[in-house]
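Take a look at this one; I'll ask things after.
Lettered A, B, C, D, E and F in written order, each chain numbered from 1.
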Amino acid sequence: MRLQLSTWQEVEAYLGRSKGIIMPVGSTEQHGPNGLIGTDAICPETIADGVAAKGDILVGPTLSIGMAQHHMAFAGTITYRPSTFIAVLKDVIGSLERHGFERIYFLNGHGGNIATITTAFSEIYAERSMAGEKGVLRCRLANWFAGRRTKQLARELYGDSEGRHATPSEVSVSYYAHPESVKQAQMEPKVAPVGEIRDALDYRRQFPDGRIGSDPSLASVEDGRRLFEASVEDVAEDYAAFLAEG
Amino acid sequence: MRLQLSTWQEVEAYLGRSKGIIMPVGSTEQHGPNGLIGTDAICPETIADGVAAKGDILVGPTLSIGMAQHHMAFAGTITYRPSTFIAVLKDVIGSLERHGFERIYFLNGHGGNIATITTAFSEIYAERSMAGEKGVLRCRLANWFAGRRTKQLARELYGDSEGRHATPSEVSVSYYAHPESVKQAQMEPKVAPVGEIRDALDYRRQFPDGRIGSDPSLASVEDGRRLFEASVEDVAEDYAAFLAEG
Amino acid sequence: MRLQLSTWQEVEAYLGRSKGIIMPVGSTEQHGPNGLIGTDAICPETIADGVAAKGDILVGPTLSIGMAQHHMAFAGTITYRPSTFIAVLKDVIGSLERHGFERIYFLNGHGGNIATITTAFSEIYAERSMAGEKGVLRCRLANWFAGRRTKQLARELYGDSEGRHATPSEVSVSYYAHPESVKQAQMEPKVAPVGEIRDALDYRRQFPDGRIGSDPSLASVEDGRRLFEASVEDVAEDYAAFLAEG
Amino acid sequence: MRLQLSTWQEVEAYLGRSKGIIMPVGSTEQHGPNGLIGTDAICPETIADGVAAKGDILVGPTLSIGMAQHHMAFAGTITYRPSTFIAVLKDVIGSLERHGFERIYFLNGHGGNIATITTAFSEIYAERSMAGEKGVLRCRLANWFAGRRTKQLARELYGDSEGRHATPSEVSVSYYAHPESVKQAQMEPKVAPVGEIRDALDYRRQFPDGRIGSDPSLASVEDGRRLFEASVEDVAEDYAAFLAEG
Amino acid sequence: MRLQLSTWQEVEAYLGRSKGIIMPVGSTEQHGPNGLIGTDAICPETIADGVAAKGDILVGPTLSIGMAQHHMAFAGTITYRPSTFIAVLKDVIGSLERHGFERIYFLNGHGGNIATITTAFSEIYAERSMAGEKGVLRCRLANWFAGRRTKQLARELYGDSEGRHATPSEVSVSYYAHPESVKQAQMEPKVAPVGEIRDALDYRRQFPDGRIGSDPSLASVEDGRRLFEASVEDVAEDYAAFLAEG
Amino acid sequence: MRLQLSTWQEVEAYLGRSKGIIMPVGSTEQHGPNGLIGTDAICPETIADGVAAKGDILVGPTLSIGMAQHHMAFAGTITYRPSTFIAVLKDVIGSLERHGFERIYFLNGHGGNIATITTAFSEIYAERSMAGEKGVLRCRLANWFAGRRTKQLARELYGDSEGRHATPSEVSVSYYAHPESVKQAQMEPKVAPVGEIRDALDYRRQFPDGRIGSDPSLASVEDGRRLFEASVEDVAEDYAAFLAEG
C-alpha cells in the first residue's frame, strides 16, 4: 500500500490496524560510468514495494535526495547539507507522528546518509529528553544491502569486486527495477581504488570515474532480481521484528 | 530524459547542449474522499515526462513533499515547515547551479507551495544582491494547471465545480497517471464549501472532508488524458520561452 | 489610537473592548527618480491612521523594512532576507498574541512583501498544525492599493501609466503625507519598461532608474488625498469584516 | 536628511560627501503608568533629527522594536528574541555596507538593547575575522541618555528619582516630542523599587506597575526640551568624533 | 565537588541539599607575549575550585571556549560566533535545569564574553516570557576579576599598568595555577596602547602584540596567589548571596 | 604541548613545524554507579597528553560536552543538541583552519558522539563542495578505545563484561587519571542489560543504573595504566599516519 496512491480515509483506516510505516530514503548522486544517478533511491523504493506486497504494510513517499556532498564534482548530483537533511527528517517524522504513526522504518539506500539520519533521530529524541517527556515514537534506520541474506548473496556474486560505492549489487537492483535503463561503459581499472571520503574535489581526485573499490561491470538484471528477493526477505523480517518490539 | 535514470556522464554531455532542467514539485497531502495523497506530485511529474518526451529535455527528481501545514488534520499528510522547504530549495538549486545549470524550471502541482517557493527564490537571490554579485541563475515557478489551454479545458469540463482544492482536474490527471488507483467515494455536499486557509484544525472545521469548493466526483481517466495533453502543450511552450529569454 | 503613544494600561483597557490591531508594514527601497525611499511604509502608516480615526482601532508600530533584495543595486535600499523577515513577523505576532490579540491585520505597502508575509503566516500556523493544537489567532494580509475603490481610482487617474513599481498612486499618497518632500525629476522614457524580477544587478540592468512600467511624474498631493480617502474606506470595510468573521 | 524622505539619487549623492549614517534604535515596551509604549523609539528618533538639523547628516529609519522580553507581562509590549534582533541588525548593516556606508552610528533608547546590539556587532565582525578579511565597516552603539551633558542635567532635575526604567528623563523627552500625548497617572509608591531583571512574570512580580527605581510623575514637556537639547549636543559631538576617527 | 569527578548518584544526592552550581566560563585566546592562551579559562576554573573547597558547592565543567573573534589574527585563538555560544549556553542551562538546578552561577574570565552571555540569558528568558510561563531558573554572570577585594588588590599591585587585556592580574592568577608555564618575553612599549575593539585585523593593527593597555611583565606567581585568595573571598560571598535570594 | 598553556607566539612557531593538532572530545554524562560523569572527556584528554609527550605535538582544549541526550534522565548529564554540537565543531575547526592548521585529529571518548561529529565534518566539507572549492583541510575522528592494541587488551581483561556503556575499560582509564576519585558501588545485576538507544526516559527504563552490558566493578587504576599505555601507542601511530598522508 503506497501512501501516495491512497486517500486520507484509507490511511486513517490503516492506522486502526498498524502504527508502522516504511519510508524509503536514498540519494541523487553519481554511481560511476554505468550506474544510474537515482540508484540509491530506486533500490529501497523497489524493495519497500516488494515488502509491502507481502502484507498490510504502508510505504511512504521516497526521500530521493540525501547527503551526497562528496559527489558534487560529478554532474547531476544533488545534495542536502546535513543541516537541511536533518530539518527534512524532523518534519517528515513530526508529520507522521502527528497522525499516530509510532514506528517509522527508514529503508536506506546510501551509506553516506547513515551518520546524518542517525544524528537527525538524536535531534528529535533530544527535544523530548530535554523536556523530560516520554515519547512513544521509535525510528529505525535499516540499509537494504545490510541484511544477512543480501550480504551473503553479494559476497557470492562479486567477492572483493563489490567495493564501497557504485557496487555491482546496487547497480544490479536498479537494473532489475529499470531494465530499460541498463548502461554500457568502459571502466579503467577494472576494480576502482579505495580511500577516505572528504570533500568533492578531493573525492574526484582520488576516484576519477566515481567508483570506490567496485567493478559494476558485473551488474545484471538477473543478479538484481536475486538481490531484490534476498533483501525483501531480510527487510520483511526486520520490519516485523521492529513492529513486534515491546 | 530523467536525471534519476541517467549516468553522470550523460548529464555532463547534456549540459553541453542545454543549461535548463525541469524540476517537478508537489506535495503529500489529503485530496478529499476520492483524491490520492500524492496527487500534487503525480501531476507535475507526469506532465514533465510528457514535455521531456517532446525534446532533449532533462527532468530532475520530483520533490514530492511541500508546504501542506493546513492539511495536517487529515491522516497521511506530510508537510515541510516553510523554513525547511526553503532550505531544501536552496540546496537543490545550489547543487544544480554548481554543475552549470542556469535555467531551473519548477513545475508545481500545489497552490499552497507558491508563496514558499517564491520566497525561497528571493532568499537565494538576496544572497547575491547583498554581495553585489551578478548571477546567471534564473529560476521560474510554473503551475501545471495555470496555462491557457489547461485552464480553458478545466473550465469547459467542470465550470464552477472545479473549485480550489481536490479539484476534478487534478484528480483526473492523477487517475490518468494511475488508472489502477481510481477511487469511489460518496461526497456531501456535492460541491464543497469555500473559505480562507489558516491552521490545520481550523481547516478541518471549515472543510470536513478536505475539499474546497470542488466536486471531484466528476473526475475521470479520460478527462485526465485531455488535461495532460493540454498542460504538456502549455508547459512545453512556456519552458521553451524560458530557455530562449535573453 | 497609536500603540506607540499609549500606556500599557490603555492597551490593557483596549483589549477589553477589541482583540484586533492594524500593523502597517512597508519597505525601505528606491522608488524611482521622484519617489521617496520610505514610500511603502509611509502609505500604509498614513492610511492606517486614517482608518483608526474612524473608530476605536489600535494601530501598532510600522514595520518599515521589508523584503527588497531586488532593489539593492540602488543606494539607500535596506532589505531583510526573507528568513529574517519571517523571524521578525513570528516575534511580532507572538508578542501580540501573548497579550490576547486574536485578529492581526497587516496593512502592506509593498508587493514584494506578499510572498514572504504569506510564508511567515504559514510558518506560524505550521507550529500549531504540527502540534495538533487549536489556535484562535487569525492573521490577514491586505494591500492598501488593492481595494476596489482604490484600484478603480488609480485606473481612472493613470490608466496604463500606473505600472508596477514606483507607481504614480503610491508616490501621490506619500506626497499627500509629506508635501514638504515632493520631488522633481526628469524621467526617460516617460513610461518605464516591464519585466520579471530576479536579483539586484539584473533588476538594475532591466530597469535603470528603478521604475517598472510606471510614469510617476503624474503624481500629485491632490491625487494622493483622493487615493488616501478611497483606501481608508476600502481598508476600514475590510478590517471590520475581518473582526466580524465567525 | 531623512533616508525615508529622500530619493535613491539623493542618497547616492550624499554618499559622495559622507560615509556615515545615524540609525535610531528603540523598543516597543511598557514605560510605567504615564510613559508611552514607544518612548524608547521616540527619544532617539527625535534627537537624531535634532542632530541632523545641524549638518549634512543622514538619518535612517527608526528600528522601533528591540529586545524587551522582560516587559512581556505588560500589555502592548512587542519584543524580538535576541536571535531575531541580531538577524535584523545583520541585514540592516549589511544593506548599508553594500551601498558604501562605512560608519554606522546606532543611537539607542533602550538599556535592554545594549547586550544584544553589542553581540550583533560581534557576530558581524566574526564573519570577517574568521575569513581573515579586512573590513572598513565600523559600527558604534551610543545611548542618547549617556552623554555628559544629558546625564548631568538628568541628575540636576531628578537626582535619585531618575531610576532605571520609565525614568522621568525619557518620559520628558517623549512628551516634548508628543505634547498631545502627555498622560496623568497615580503612582504608588512615589519612587519605584529596584532589583535584577529576569523573565517577564518575575519582572511583573518585582515591579508591579512597570517602573524600576523611578518617579516619572516628575516628567514635563519643558524638561524634555532641555534634555533634548543637551542630548543633541552630546550626540552631535560624539558622532563627529566617530566620523573623524582614523 | 567537581561534577566531572562525581557519579550521577552523588549529583542526585547533592541536588537534595542545594539547587546551585558554579560554571566556570572562559576563552581560548591570545594573551600577549607572556600570557597563556588558556588564561581566561584557567582563572575562573581555579577560583571556582577555591570557592568549592570552602563548602558543599558543585562546580561544573569549564566552558573553555568563548567569544574571541577579535583575537583571531593571533595564532591559537579559537572562537565561537556569538550565535554558537548562545546555542551552547542554552543547551548547558537547559540540561542543568532539567535535573533541577535553579541557580546557575557563571564565573567568567573574559570581558569579551559578557555581552554574549547576557544575550544568551535573555534568549532563554524570552522563551518563557513569550509563553507566559513562570520560571524558577535564575542565571547570574559574575567576573572573577570584578569583586571588591580583587579590584582593589589589582589596583594596589599594578595601578594603571593593569590595562584591559592580557592584564598582569590574570596572567598572575594563571601562573599561580600553572607555575610550570611561567613565560618570559620582551615587550615594547612597556604599557600597551588602548582603543576600541572591532574585527580581528583591525585589532592586530591597533595592538600588534595582543595586549591592550597593560604591562603583564609585572605578573608573578606570588601576586597570583594573593589575587586568587581575594577573588575566592569575593566570589564565595556573591555566590552565597545568589543562593540566599528570595 | 598544550595549546592552553602556550603563548600565541609559541603556537605560531609550532605552525612552522607542523600543521597538525589533536583535539580531545568527550561528553559530560552518567557512567553508571561507579563511573565519573567526566569519564569520556578525561580519557581522551589523558591519552592525548600521553601522545604529545612523545613528540612535538600540540593538544587543543578538551571539548568536554558532547551529544548525550539519551543520558538526560540521570542527574548531572549535560548535552548538546546535535545541531549545537555541529555549530561548535564548525567554529572550532574554522578557527584552527584560519591559523593554518590542516590536519585536525579529534580524539573521541564517547560512542554517542560519532554520528554527530561525522555529520559535522560533512557539513563543513559541503560548504566547499557546493562552492566548487578545493580545501586542504582534513579532519579525522578517532576513538581512543578503538585501536588494535587497546581493543585486544580490553578483551583480555574483561571479555564480555566490557559491554557498551560505562565499560570497565573507560572507568579504569579515568581512575588512572584521577586515582583520588575511585568510587565503590554495589551493582545489580553484575553485568548490565543491552538494548537499543532512543530517548532519555526510554533509556532509563531499559538501563536503570545507567550501564549497558558492562560490569565496571572490574575497573582498577592498574588496568587503567595498561589501557592508557596501549591507547597512547595506538593513537600515536594513527596520528603519525594521518600527518603523513599524501
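As a working rule, a residue touches a chain if its C-beta (ideal position, glycine included) is under 8 Å from a C-beta of that chain, and two chains touch if they have at least 3 such contacts.
Computed from a prediction, not measured in an experiment: that's the story for all the values here.
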Statement: subunit C and subunit E share contacts with A, D
Farthest chain (mean CA position) relative to subunit E: B
- request: Fit subunit D onto subunit E over the CA trace and report the rotation angle, somewhere between 0 and 180 degrees, nearest 5.
  value: 180
Message: Quick check: more C-beta contact pairs at B-F or at B-C?
response: B-C
- prompt: Interface overlap for subunit C and subunit D, more than half of numbers shared or less than half: same or different?
  reply: same
Statement: Distance in whole angstrom between the CA centres of subunit A and subunit E is 47
Field: Where subunit D touches two or more other chains at once, by residue number
entry: 72, 79, 81, 83, 91, 95, 98, 130, 132
Task: Can you identify all of the chain pairs that touch?
output: A-B, A-C, A-E, A-F, B-C, B-D, B-F, C-D, C-E, D-E, D-F, E-F
- line: Counting only contacts in the complex, subunit D reaches subunit E at residues 67, 69-70, 72-73, 79, 81-83, 86, 112, 114-116, 118-120, 122-123, 125-130, 132-135, 138, 198-202
Touching residues (chain side subunit F, partner subunit B) in the complex: 130-132
Query: Considering the complex alone, what residue numbers of subunit C touch subunit E?
result: 91, 94-95, 98
Message: So in the complex, the part of subunit E that touches subunit F is made up of which residues?
response: 2-12, 15, 28, 30-38, 41-42, 60-62, 64-65, 72, 74-81, 83-84, 87-88, 90-92, 95-96, 98-100, 178, 181, 183, 185, 210
